[in-house]
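I have a structure here, written as structure tokens, and I will follow up with some questions on it.
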Amino acid sequence: MDDYAIGVLTNVGLVSFVALSAYLLLLAGEMSFGQQAFFGVGAYAGGMLTAMAGLPLPLAALGAMALGAAAALLVALPTLRLKGLYFAMATLAAAEMMRILFELLHLQREIDGEPVGPDGTQGFRGIRWVLEHGIEPEGYLILVWGVLLAVLVIVLFLENSKLGATLRAVGADPELAASLGVSVERFKLGVAAAAGALAALGGVLYAHHNTYIEPRNFDIMLGVHSLAYALIGGLGTALGPLAGAALDVGLLEGTRLFGGARMIVFGGLVALLLVFRPRGLLDEKVVHWLRARFS
Amino acid sequence: MAKGTLLLTLLLLSFPALAQRVKAELACAFTGTDFVYDCAINLKRGANPLSGAQITLSADMPSMPMMHNVAPVKAKPGRNPGEYEARLDLEMTGEWAVKLRLAGPVRDVLVLNYVFDESGTRPVLRRSRTAPRK
Amino acid sequence: MLLDLAQNTLDGLGAGASYALLALGFTLIFGVLRRMNLSFGPAIMLGCYAATWVNLNFQANLLLLAVVALAATTLAGVYVERLCFAPHRRGSAIAAMVASFALWMQLEELATAFLPRHLYAFPPLYAGGPLELAGLSLRVEAIVMTVAAAGACALLYAILYRSRFGLAVRAVIDSSTAAELSGINVPRVFAAVFALASAIGALAGILIASAHEQVTPMLGMWSTLKGLAAMMLGGLGSLPGAVAGGLALGLLESHSQWYLGPQFRDLTIYLVLFALLALNPRWMTTRSAS
């Protein structure tokens, strides 16, 4: 496969993690502008665990996911009772705080005569685990998509279970759900932790793909874009956020279809699409229809 | 003692990453077409120029990672040892993280931050957050 | 020590006045439509860029540039309203917001397509230096900004409480359904509010651009963040709150920068914002956000 295609597809896969993360929260009825922070937590934690503590990638990924979940809970607990725009702003503030903390993080170890580790705004260079284990870009693409698809299978399975239905109920009408005995608070915390872990997993993969991360990678743009992908792709299925990411990063950007006017076209199309499909391309109605058709 | 040294040497030889790191420098000139740059790359390993490396260049914007896809280009050897040339087609000016993927005598990945503008490039001088973010 | 405090307070109020103007625009839209417009900052940026383009090609004076910015921003605002908010009037707030984000990207790219560089000079408001009074330095731009903010407030007050249109707006704020039932053309009110908010935003933009003597592509994001933060600090959906929030933000920024250093300045702001939201005091949720 050609280098360019590998690059584009890897990027689509990586962004999908953050988009899925935002999607999970959207299902629970919350709009988060801050999932990029957990992506960052995963990236930094994963990078530090492999490059500085010498852990293998799978272990580092698990550690990063745990940290991502913990960070997400740290944000979700104080903001449990916030709704709508207030919640969104709180997540934005929390995410920016975390990003600034990355800018203040200076933690380097000398390895083979080179300083390795996060160095504030200079970033974190030398995340070389993938390189040192001889994984080429094609191999890494398969790794990223392998992990993504595994995650997708799990999420799709849970979505179609009682858990998924309860989640959507909590998102659509929390009072009703509560009156039916659902612990809305516990659910929201659980989803927040899961979403945080998911974004962190993406972050680990991103850090090792790039070998270099810096605080600016995790700024608001990433978060708002991911939220948009989740909504544009559709809230009816976990394939929605992937569709959104694939549409923007893959189709429009990757194909250079519109040259320098990509956002002009895409932005307009998205706004127009939302007029007719306010819950995205693959919204609940479409998914329902598809399922009825094919079952 | 000799066995230990031999083992260490074998270890060092089998892990190129543990040997001296490659350092790279970039100097690009704006070709006049938006936003294409002719870049000269200089590779050094320790104090010696590194020739014969196969470099694939790509780039990503630090502030919007994964959202820009710059077509990877393979660099051609330049006139002097350790020098290579490549033409980068970026989508806009600003700060880019240029990724150099090395194959050949050394396998490595280097990421360099450069600011690209109408004249050419200059390396990013990172300061701590002194200026208010505008 | 005391002098520093006074100087920082003055600087903070000056910057705060610009934030207040931005917050007024945001609040107007949010207060009336109950929706978040993420294109507000970018529309302002487009206006400033249009003015910059005119300035680059025709060397116009500041007043003409202000008119250009006003026209461009208002046009952008109406466009956003028609495409993102009118269709979702009775529908999903999130859809409207994400649509406005899509247009944010669109407007920003449109602006940078015409002016792709990272920095453009903008004519200053006042060619001279700051005024010196009793050991304190006071920038003329800050004074103008404060006057403008006060003027915008007065204008809004006059419109809201002294005109028939204002009566309709207040009715819509109270309950858009009831307003509709009593015969008010709610879509027309929304469009007009958007235009008004855009005009205020354009004013803010032009003053900010000339105070900083430059425009950059970050202007859209910057205005959005400052406007949102100010609006949140002052209590969502309240016009006096927007002004108070803007001034508070300015003061918080200048003092935290002085005592804690630039690195901790933004951290402090976000921490305060987060803490306020987490504590969820009464006055921050005077009106529930949908």
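Residue numbering begins at 1 within each chain, and the chains themselves are lettered A, B and C in the order written.
What we mean here is this: a residue touches a chain if its C-beta (ideal position, glycine included) is under 8 Å from a C-beta of that chain, and two chains touch if they have at least 3 such contacts.
This one's a predicted model, so the numbers in the text were calculated from it and none came from an experiment.
K.L.:
Any idea whether A-C or B-C has more C-beta pairs in contact?
P.N.:
Counting C-beta pairs in contact, A-C comes out ahead.
K.L.:
Taking each chain's centre as the mean of its C-alpha atoms, which one lies nearest the mean of all protein C-alpha atoms here?
P.N.:
A
K.L.:
How far is the middle of chain A from the middle of chain B, if each middle is the mean of its Cα atoms, in Å?
P.N.:
Distance between chain centres, rounded to whole Å: 28 Å.
K.L.:
Using CA atom averages as chain centres, what separation in Å is found between chain A and chain C?
P.N.:
Computed value for the inter-centroid distance: 30 Å.
K.L.:
What whole-number Å value describes the gap between the mean CA coordinates of chain B and chain C?
P.N.:
Roughly 41 Å, centre to centre.
K.L.:
Enumerate the residues of chain B that touch no fewer than two other chains.
P.N.:
Residues 34, 92, 128-129 of chain B touch two or more partner chains.
K.L.:
For chain A, what residues touch not just one other chain but two or more?
P.N.:
100, 103, 221, 260
K.L.:
For chain C, give me the residues that contact two or more of the other chains.
P.N.:
Those would be 263, 266.
K.L.:
Quick check: in the complex, which residue numbers of chain A touch chain C?
P.N.:
Of all residues in chain A, those touching chain C are 26, 31, 78-79, 81-86, 88-90, 92-94, 96-97, 100-101, 103-104, 220-221, 224, 227-228, 231-232, 260-264, 266-272, 274-275, 278-279.
K.L.:
Write out the stretch or stretches of chain C touching chain B in their complex.
P.N.:
Where chain C meets chain B, its residues are 112, 116-118, 212, 216, 218-219, 222, 257, 262-263, 265-266.
K.L.:
Hey, which residues of chain B end up touching chain C in the complex?
P.N.:
By the definition above, chain B touches chain C via 34, 92-94, 117-118, 128-134.
K.L.:
Would you mind writing out the residues of chain C in touch with chain A in their complex?
P.N.:
30, 36, 38, 83-84, 87-88, 91-110, 113, 221, 225, 228, 232, 236, 263, 266-267, 270-271, 273-274, 277-278, 280, 284-285, 288-290
K.L.:
Given the complex with chain B, which residues does chain A contribute to the contact?
P.N.:
3-4, 7-8, 11, 14-15, 100, 103, 112, 114, 120-123, 125, 128, 131-132, 137, 206, 210-212, 214, 216-217, 219, 221-222, 225, 248-249, 253-254, 260
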